[in-house]
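Okay, so chain A shows up in both of these, paired with chain B first and chain C after.
For the complex of A and B:
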């Protein structure tokens, strides 16, 4: 057993870490205030390869595998959550849907421009009446000649406002239920009948946007059925499996960064005549934070490694998403506690991190859904 | 244009350096290594020259196995080729020895210009570039903040930083140019360049291949002892009425020739 990261993954980690420190951290307050990632930064990140990390080079990707992708998202932990969120939705679930479910022709057509970031992708599954119960989606797709006509609304879609390509999940045959009755479509911005509705006001994640997507007799060419008709639900579940691992990587990175800020603060902040780092109460929190981060990191690397080996990871992906997101929330809570009053103030980044962390337990499958996935797999396998 | 960049791998500038128990070196365990920051300016300038005039960028380093990482970083930034001279240089501070090795290696390959950082941030000797130039019988310009090359004329216009002013120099090529901060803004190694860098073959030569004996860089110096800088002493506090304390402060500043 060898825990050394491959050389190229280590290089990815160093490069992203340096980029975060030099380019992204100085912009942290600006992104939060303006609720926008500056265009030139986004462009630079596209050129550097941030948008195609796990995909093979033959499709224009960087080719560092899921492990390299996870480590990159982890190293992004020191930046505003907006970056990892935008890249995660684009890469981990949307582009991943095409990579996992697309025909060879579709992969050749769409992946190069998505990997280069020239085009941004979104993953549109959630609807007003279909969140955790993803099978309850009501958006319909009806075949008409060589086209499908889509009708329905998707909500809270990350990158919805800027996406050029949207993976839309719609019901093609209600009688078949989710497995067989749902189909995924590659919808391009500009297809007739597709529009972006309101952009949401969120608790956090400023700089990354979610939006409502509206399909009103939206015409989609039949060749844009992702993979095959009726495979939609399977593709969505597979993409979410993979996405969850990346999401856990981001959670680990964010938590690690908070820990480092807490250590620095604890050494600086003097109360009762000495730095609070001398107080056992603070030390125990730091120790707990570090221990949980370590556990989550190893779990996440393991799941990514297993995926890169071509093995099934549904259970592990759910486990790392569950543990890493809940860990990140416990760490963020302790970070506020260690900082005390200043950690509650808008002027301080700890307040921002606390708000940004909360969504981790909700999106791409709530903690409860992850437990459901794990338990079902356990009961099926008997171990 | 054949452009050569000499690089050194050094401990990350954020490393908390600890002196080893023997007192002649630093504790290497847990250290993360990076490309010497001044060498990054040299790599960037080489890539800019290549983009402008065409040609090839070759990076070269002398160091232990781990030094290959520095070469791969340069390749990911856009260098074309890399050469690794296998040599243990743990705690060596002998820039002349490093220059001697590099000069021998450079006799084997063509070059129109040689770039390097003005100094390595680990030993801060700033002697490598002039020494290399001497071994090769070439001109050198150090602390360079501006470079314009005219390959046709075989000349370069160089700006170097001196105390309170800039020096503008014309030099014939080939020459050794030592980069200072401000020369350019080094690019990041592109993520998509990393896999390409990984696949590139990096030829390795040993010191024996270069006609040298031993496994460490030849040294004309020896480290007798290494110690951390003395801890900073507390400041002096003048207490009393302003008329009196200000007068004392001015006197103290005058004594230090600060005012």
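For the complex of A and C:
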């Protein structure tokens, strides 16, 4: 067993780490205040290849696989969550849907521009009455000649307001249920009947936007059915499997960064005549944080590696998403504790990190749903 | 156009320590990198649009991963000079120039670009020496370069002025990283670079004229080293001058 990262992945890690330190961290407050990633930074990220990391070079990707993608998201952990969120939704689930479920023609048509970041993608599954129960979606798609007509609303769609391409999941045959009755569509900005509704005010994640997407007799050419009719739910679940591993990478990176901030603070902050790092209570928190981060990192790398070997990873993806997101929340909580009052103040980045971390347990499947997925798989397999 | 760019891997400031007890600067634990000046040289060479650009370096095998990064910056391939000479020899600009010339000459280069700062602390000495060995003209302090029908157009620093020179190829250029921003390689280029192969060229031994004791008798050289330390800078300077006079270095 060899735990060393492949050289190309190591190079990507170093490059992202330096980019975060030199370019993104100095802009942290600006992104938080303006609720926007600066245009020039976005442009740089496109040029550096942030948008197509896991995909093969033949489709315009960087070709570093899921492991390279996960390691890059981990290295992004020291920056505002907005960046990882943008890429997670664009690459991890939206573009991934096309890569996993698209026809060769669709991949050749869409992937190069999505991998270069020239076009931004979003993944639209959630609806007002269908969150955890994604199979309950109500958006409909009815075939009319060489088009499908989509009607319905999607909510809380990351990148929804900036996306040029949206993967929309809709019911094409209610009688067949989710497996067979749901189809994925590639909807482009500008298709008649497609509009962006409300942009949400959130607890955190400033710089990353979620929006409502409205489909009112939206006309989608039949050739924009992603893969085959009726395969939508399967594509969504497969894409979410991959997305969850990437999300775990981001959680590990964010937690690692918090740990480093805590070590620095604990060495600096003097109470009772000595740095608080000398107190065993603080040391134990640091040790717990580091241990949990280490475990989550190994789990995440393993799941990514397994995926790169072409193996099935539904159970592992759910496990790493569950563990890494819960771990990141425990770490964020301890980070506030170690910082004391200053960690609760708006002026301090720990307060921001605490708010940003909370979402990890909710989107791309709540912790409860991950447990459901794991348990179902366990009971089916008997081990 | 067949182009070469000469790069050197050296320690970064991070991890360099001064050992008081041994009186030496210890860079064995330091992180290593290709200097900004040499990375700029790659960028400059690439801006000439050569059909093939080879990065060449006199470096130990351990530095191959760093050398591969030159592919991410625009080099098509990497040539590492392996030599039985001592590491001490690699600190001498003349020896380095000789080794580079041995490695590059068989390929009949059109352009050879070097960075300004390496072993000779920013004085850009290796370039002109290499030009001598290759019997080529040399243009120094070049800030930017482009290709023309006859050769190259170079913008160079001359004191407070910038001058533009049109020069025929083949030639040697030393690059001056002044007021430039280095383009970051994309992750695609980094990933490609990681998979690149480093070719090795053996440079057997030093040229006869360059084979004086100093490069081989490192022990003897080491014995000649002496640490001069006064109570303050002025006294140290006085001691140093008198020692140099003793040894007839100064008249």
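Keep this in mind: the second predicted complex is superposed on the first by the 383 of 383 C-alpha atoms of A that agree within 3 Å, B and C clash if a C-alpha of one lies under 4 Å from a C-alpha of the other, contacts with A are read in each partner's own complex, and residues count from 1 in each chain.
Keep this in mind: contacts are C-beta pairs under 8 Å (C-beta built on N, C-alpha and C of every residue); 3 or more make two chains touch, one makes a residue touch a chain.
Fair warning: this is a prediction, and the values are worked out from it, not measured in the lab.
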{"item": "Fit-or-clash call for chain B and chain C when the two complexes are aligned on chain A", "value": "clash"}
{"item": "Which of chain B and chain C A:8 touches, first, second, both or neither", "value": "both"}
{"item": "Touched partner set for A:144, first chain B, second chain C, both or neither", "value": "neither"}
{"item": "Which of chain B and chain C A:174 touches, first, second, both or neither", "value": "neither"}
{"item": "Which superposed partner A:274 touches (first chain B, second chain C, both, neither)", "value": "neither"}
{"item": "Which superposed partner A:72 touches (first chain B, second chain C, both, neither)", "value": "both"}
{"item": "Touching partner for A:376 - first (chain B), second (chain C), both, neither", "value": "neither"}
{"item": "Touching partner for A:48 - first (chain B), second (chain C), both, neither", "value": "both"}
{"item": "Interface residues of chain A shared between complexes with chain B and chain C", "value": "7-8, 10-12, 15-16, 19, 47-50, 52-53, 57, 62-64, 72"}
{"item": "Of all residues in chain B, those that touch chain A in their complex", "value": "32, 34, 69, 72-73, 76, 188-195, 197-198"}
{"item": "Footprint of chain A on chain C - complex, ascending", "value": "65, 68-69, 72, 184-188, 190-191, 193-195"}
{"item": "Of chain A, residues touching chain C in the complex", "value": "6-8, 10-12, 15-16, 19, 44, 47-50, 52-53, 57, 61-64, 68, 72"}
{"item": "Touching residues on chain A, where the partner in the complex is chain B", "value": "7-8, 10-12, 14-16, 18-19, 47-50, 52-53, 57, 62-64, 72"}
